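Okay, so subunit A shows up in both of these, paired with subunit B first and subunit C after.
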Partner chain A sequence: MKDEVTREDRVANLKGLGCSRKRVEDARFTQGKGNYVDDIKLDGMLFGDFVRSPYAHARIKSIDTAAALEVPGVLAVLTAADLEPLGLHWMPTLAGDKQMVLADGKVLFQGQEVAFVVAEDRYAAADGIEAVEVDYEELPVIVNPFEALKSDVVLREDLVAEDGSIPPGAHGPRKHHNHIFTWEAGDKGPTDEVIANAEVVAEESMYYHRTHPCPLETCGCVASMDKVNGKLTLWGTFQAPHAIRTIVSLISGIEEHNIRVISPDIGGGFGNKVGAYPGYVCSVVASIVTGKPVKWIEDRMDNLMTTAFARDYHMTGQISATKEGKITGLKCHVTADHGGFDACADPTKFPAGFMNICTGSYDIPTAYLEVDGVYTNKAPGGVSYRCSFRVTEAVYFIERMIEVLAIKLNMDAAELRRINFIRKEQFPYTAALGWEYDSGDYHTAWDKALKAVDYDGLRAEQAQRVEDFKAGKTRKLMGIGLSFFTEIVGAGPVKNCDILGLGMFDSCEIRIHPTGSAIARLGTISQGQGHATTFAQILASEIGLPADSITIEEGDTDTAPYGLGTYGSRSTPVAGAATAMAGRKIRAKAQMIAAYLLEVHDNDVEFDVDRFVVKGAPEKFKTMKEIAFAAYNQAIPGIEPGLEAVSYYDPPNMTYPFGAYICVMDIDVDTGVPEIRRFYALDDCGTRINPMIIEGQVHGGLTEALAVALGQEIAYDDMGNVKTGTLMDFFLPTAWEVPNYETDFTVTPSPHHPIGAKGVGESPHVGGVPCFSNAVQDAFRPFGNTHTNMPHDHWRIWRTANELGLHD
Partner chain B sequence: MSNKMHIKLKVNGKDEEFLADPRELLIYTLRERLNITGPHIGCETSHCGACTVTIDGKSVKACTMFVAQASGKEITTIEGIGGPDDLHPLQTAFKEHHGLQCGYCTPGMITRAAKLLEENPNPTEEEIRFGMAGNICRCTGYQNIIKSIQAAAAEMNAAKEAAE
Partner chain C sequence: MIPAAFEYHRPQDMAEVLAVLEEHGDEARVMAGGHSLIPMMKLRMADVPHLIDLQDVGGLSNIDIGDDSIRIGAMVTQAAIIDHEGLGAVAPILREAALQIADPQVRYMGTVGGNVANGDPGNDMPGLMQCLDATFTVVGPEGERDIPAREFYEAAYMTAREDDEVLTSVTIPLPRGGYAYEKQKRKIGDYATAAAAVQIENDGGTCASVAIAMTNLSDTPVYSEAAGAALVGTSVDDVAIKAAVAAMLGDIDPTEDNRGPVAFKKHVAGVILRRAIERAWSRA
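Presenting the complex of A and B:
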């Protein structure tokens, strides 16, 4: 009997692209053997924690640390006065502003870091914090950006000149002492003209509330300064370990080769772990001062109150169209609440991120966007919570404006979308606000989605429900939420994307071992996305060695090539491309080795799954395993020994994933409780690397979207007190509140990405939020609702029903 | 005079005896004193369940229990549920059905699920969703966690049947 290995067997053996390979990460996680930052334990390690301001705006008259230093176990208390001689009492933010590391004379938000207590353990640190006496003088608090722009109260005295004038900021002129920047895209004059002369204009103002990424693991680090060797090692929850190394070097003066930054396992990031926080700086300083390793770990309240809020955009829009519904123009103004410091995590030239993707999936000929950034007495941040930079805000805006326009036109919102989609043959498509969309086939995706849910049937059922409601037969309304989104991910081309001057390329380095296995290292870092699994799959298909024989390593700056990290769905579009390109370099060398071994010309062999074969003579071949060994044991004329490659990939363009989502919801008008009956999600992320992982990403992103749309917010009272500082008040859905999702897909490969992949982790969040919100709004449309603000928690839904007279 | 308390525990089958401050929380005893780092800290307020352990047959959130309250009791953490040579069916099923992503909630999630399946070997989807509602996952949207628990239940029931 002959066991013939077919070509299909060889392909399957690789577990390459398109395979739902089980995750290699899971063994350690399911057995409690993950290695997260708080699991790190070093000899003599100390614990640092912050004295935080109870006030949102106050002058600090004095800080007395004497009693704290008497507390058993407390070794040191750092204040701004201690950091000032080192020039570390302030630090640069990612947005061109600067931020206090420890309060320098005043505090600007509740929870702001005032002093850093270093002690033998957490309990002693907590005791020390209690014993630090801070004398505050309260100042007027501003939590509303519109008031901030009118107020005489100066939040940032450091940004006002001595003569009272307002010097320009990092992004140009400032209009007021609490104003940060104005950022524009598109053409104002022509847009105003189109809107003024339009047959139909719909207008709406909406507030996309402040929320927080809230990964289950909070932020933290361990800093260890080895004074003998002059080396600093910094472990931490860093989504961008190399960028953190450069920032630490720039602000501390320690040369970059003497700093090793390690991101161990990360318990979810969602944007929270992109920025640089005072805890990192204080831990480094404390380690230098004490000569011992220092750990700092946020508790949940620290996390929700101080690091990395998201959204907080007040958006006003006008959309114009013909009577038939063809959109002619779009105008958007945003008042963006950035809190006390502008610490938004955006590429340098984009202070409002990619908000200028707000023309969405539609062929809108004329558009104008203006964003005003404003200081208030709220926490700094402005991170991209499971989205590319400000893309959730942009997609929410356009997907709401489409609905509002549909109401104005008395038209079906699905049809309005269809007649305005960018057509397949228009790609690559340059949008009115500047982006060049690489590829798309929106009509196919939309039709597939509408058919899958029997859209017409749903609308008929909804109409019947309205009749039944009016007849007193039911107290439940039915909402059909639609959303069609286009993401812009994979930042980005170095020509227009950098962070602190660092171009947003990414990298991969591959070493093939003599026996035909390999290690690849990348500049990114997984936080649950499964990079160790999927990047090995990309490589398996490129170099013909099984994914199971390829180790993927990320997060150690001493070993990994420089990269800008993982956020904004950039890992697959950028580092994934670098991986494929590095793999192709390996393959190119392997081809020469194979030709030598087979005694033919280089061009006479071709790659076939896991080997090079002589063209026209497939029985003559060398497997990649054989080639790997030959690379280490043969003296081949003109070819260096070894088989390694590195690629730094500067993407020529962003990638533009898209999708069609439909949510069917029943709403009890008397309790305000929404029940999600059905959620259908079609995603097009280009080439699909691991369908199992894609589906998992979609489930997770939709659930975070559900949270944001239906209840999750960071709320402040007028005194600047955070009202949602624990998981008691901050909504994270449990298994009980979350539906089952139906996932589907189309495949429109990116034309410029080496394997055609586009990124998917954030799409479901970006498309999901407007879909859930639109479902709520749609339920009330027959009763006169055009727009209500998120989050649609039970109380607000009840209130909407009440205001529409549905309880009468 | 020391106000430390004399604590005796049995953790994953091993006897432990030590003196601890009355305010020492069980989660720190496990993670820092005993180096059992499977249980994690996510909220400090009993909401997220990342710290879930089993104490004398009940699921308990170790972040809001003093170690003194656990004295004399038997504690099982993820490390006691299964290891490389004796994986629990839930550990296998979570991998097989992609029931985890970042892994931070997973030890608590599996510890709770093991208890749930002991209490109810044939749970419906609704019973699983209700029984797991004390454990938050930020990554998976729960759908594959439910699937993993259902698969493990089927596997465990089949094994039980085969043994009978």
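Presenting the complex of A and C:
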């Protein structure tokens, strides 16, 4: 006889929810056996690459391709003139604007795509690019959105009517020829009134600088048109492969069943791979024209300079409170720099994303938000870099405003947060700007965090440090960065959220094999998040088969069910929910089969870990493995053979993960060098599926937060030249720059998600940026600092110290 | 980021190198570790129709420690400098500086010869070699000649080496006293915002001699004789250090870039030099 298998053993064997199961993806990644787009090599494959504009604003007088066509290996050079007859010289952006695929008479930003050289290999393509002669006439450059709104220079002539009037854009009326939209949330009148009559008002203007998601793998694709069967296969770095298929079909006219989009392994996305880029369109056209597969891969400079920036929000805020610190109102205005085209990746009804979550974690009765989108001579984009739509901007805004208010009130910023948090019993809570927060327990998380770092001790140490500094005993200041954030993730609800008309549900399809293993396919696509690991765990707990016996597949539109992809932390909230729901359908059928096999009524069996047992007689049971076999191989009256299920899940609401972060930093006043001594991160993402993966996500998100707060930017000079086009100047932290992170958690399950999970991948970025920034700002607070803009690189920190008179 | 087409030469000895250089004139360039040259070629900022790889040329990778000088072959890598035990004992400043260059991957490829011949004001070894009063030996069609490091740098990417000459070794008088290489940078793999090399001798509490050189604060490395003069004969107290910093600030001429504006760079240069002097003095 074998040793008795306990119930605990059976649970452990599943490696289901709560298990720090090792990532099944890592065996191939750590051995260099991943299969990324650039690993795809097809017979006769050609290579395409762009001639890009050196100017930020110029008219194209002529393009001469003759010399390029003489370069050995160059087969074709596409220009707007070639694409126009096909109607493919422009494409719709996710924000409903028109983006030129190849510049048609004019360029609007440095690096803009002007011609597409198709060659036998990438070396010949590079030589061909050199040989294309473009005659430009330079035009006045505008890199500042405030100037753009005053300037006579028309950036987008195509959006001005012949009589000079300005027709409305995709998001309503436009105020100026360089204006894109105005978007409002909340009540202006009442907010103004509250602020006008308030006991205390704090005001601040802040610029959240332009940066870039910068995944290790740049964007790229391989397009292969099979002229015999009329089928187009498109491999690419797509965070939303199904949406890409639909968009390609709509703009190319190829029927959707004749398009197969495949996202293979993706080396990080962070929002950079959500949109559609000219490279995709040109590769498809080039493959149709040449009849051969065509590959396009960005190099690092192309990636930094042209595909999908993030942020670039100029924000002005007013926050009002009683003398005791109870917040009464909040007002925010944003001037959003969208660059030459409006290519923001946001749900259609939200041209400024979920910026209206900017009341944060606080019970603020009255609020008003207004966002103006503006064209400038910068690259298009405006994606959510490791956050849900514009949530990083919103959280940065409110977490800075709280600090500024604390200074005005001469109050401790931790205490100010505590007295304004939405209280546990207020959930579900409807915020002044419209969102219904599903759940939260902020006070518990905050108290746990403050206790973990000995907050009062830190403040005492900081006060001593200020004394020592003033006495000339040290040249280092100490900053304590606080941040409490609420994310809004998991778009969906289809009634609120669509992209270009595509509803933001997601899906899972499960097939159980006769011997009790399974394959599940989802509409999402992992870019490093570990879906193959975690979704198998959700399913293991739902259907009682071990996670190790479940294959997860995503990214092939010919096999996976339709879904809107992975970004905005939506995979677990939406596709994870679909997985659980599909699993429950499997279980329901399994229950009927079990009852039949056990010769009892359906209601007389119950699910127990990995089996159905007869109620009150646990020794009578059928395991899921046995049930699977029977489902296929035993004739059961009234039940179809097979064991499969599919679920399309439209979430009733978003989920609202939250967290409390604290950073302790020492700053060398003379050199501007910050040193992070400690970073504590408490995350509440509801039910924790795989704690190890959560920890990894938190580390990664915090590191990208550190990057953005302390130096990572896409900077332009006045001529619109990108000053940070390589990794020498664009800050990507290495292990050397990254501190040790202490992670912690509380668990407040989402009440509407089938397993109570909320999504976590982006929380650390959202909460991390203000935490690092607040630490820098806090170090200088005793000397009169209220706010300085990020990025807090050495010279800007030094400048703050200098302006405060801390250098002699 | 793909270079223009080029011819690749891989000569087996110096005579062959010189012959290829002579044949192709300024169309040809030697490559050592390639970690400055190849990026420039990929950006198409350097056009090198004939690339001459030095790696098979013998006799360029030795480190010889003599009684009063050290000779380092041009092809000695930065990693080899760090790993060499004898060198660490007689000239620890070399190791301290090399550890602050780039990252381990780059240091396995990047060479001493390439670093000093490159002429990029961002390179750390030119300033270091000026501090140590090194001599560069070059060989050309006319034979061998020696050029002092302190006379080698003319402007950014312009040196006293002729196009048809190859640098073969660097000779350093055995350094004496305390040392420090202090560098501020934005991150691993970055060139200096400001860096200072200091080698200083302590004779019973008085500074007997000192050499000071600064990196990335002008279009060439800056050997600051005046800064040194401000310290010699003093007890290296606060007043003397202040004078040395002031003298150094008169010699540098930084420009604004993404690391920051001129005022910031000057301030940091002063702080870095002060720290370097204090550290070197504490070791003297």
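The rule we apply is simple: the second predicted complex is superposed on the first by the 806 of 808 C-alpha atoms of A that agree within 3 Å, B and C clash if a C-alpha of one lies under 4 Å from a C-alpha of the other, contacts with A are read in each partner's own complex, and residues count from 1 in each chain.
Following the convention adopted for this analysis, a contact is a pair of C-beta atoms (placed from the backbone, for glycine too) under 8 Å apart; a residue touches a chain by one contact, two chains touch by 3 or more.
Please read these numbers as outputs of a predicted model, since none were measured by experiment.
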Touched partner set for A:M728, first subunit B, second subunit C, both or neither: both
Which superposed partner A:R300 touches (first subunit B, second subunit C, both, neither): both
Per-residue touch tally on subunit A - higher for subunit B or for subunit C: B
First (subunit B), second (subunit C), both or neither touched by A:E324: neither
Partner chain in contact with A:Q529 - subunit B first, subunit C second, else both or neither: first
Which of subunit B and subunit C A:M692 touches, first, second, both or neither: first
Partner chain in contact with A:R122 - subunit B first, subunit C second, else both or neither: both
Partner chain in contact with A:D717 - subunit B first, subunit C second, else both or neither: neither
Touching partner for A:D265 - first (subunit B), second (subunit C), both, neither: first
Partner chain in contact with A:H794 - subunit B first, subunit C second, else both or neither: second
Contacts on subunit A seen with subunit B and repeated with subunit C across the two complexes: 122-123, 299-300, 728, 734, 736
Subunit C residues within the subunit A interface of the complex: 1-2, 4-5, 44, 103, 184, 186-191, 193, 258-261, 263-264, 267-268, 271-272
Residue ranges of subunit A in contact with subunit C within the complex: 122-123, 126-127, 130, 299-301, 670-673, 711, 715, 723-724, 728-729, 731, 733-734, 736-737, 793-795, 798-799, 802, 807
Touching residues on subunit B, where the partner in the complex is subunit A: 21, 23-24, 28, 31-32, 35-45, 47-48, 50, 77-79, 82-84, 87, 90-91, 94-96, 98, 100-107, 110, 128-130, 132-146
Contact set on subunit A toward subunit B in their complex: 22-23, 25-34, 36, 38-39, 41, 121-123, 214-218, 265-268, 270, 299-300, 527-530, 692-693, 695-697, 699-704, 726-728, 732, 734-736, 738, 740-741
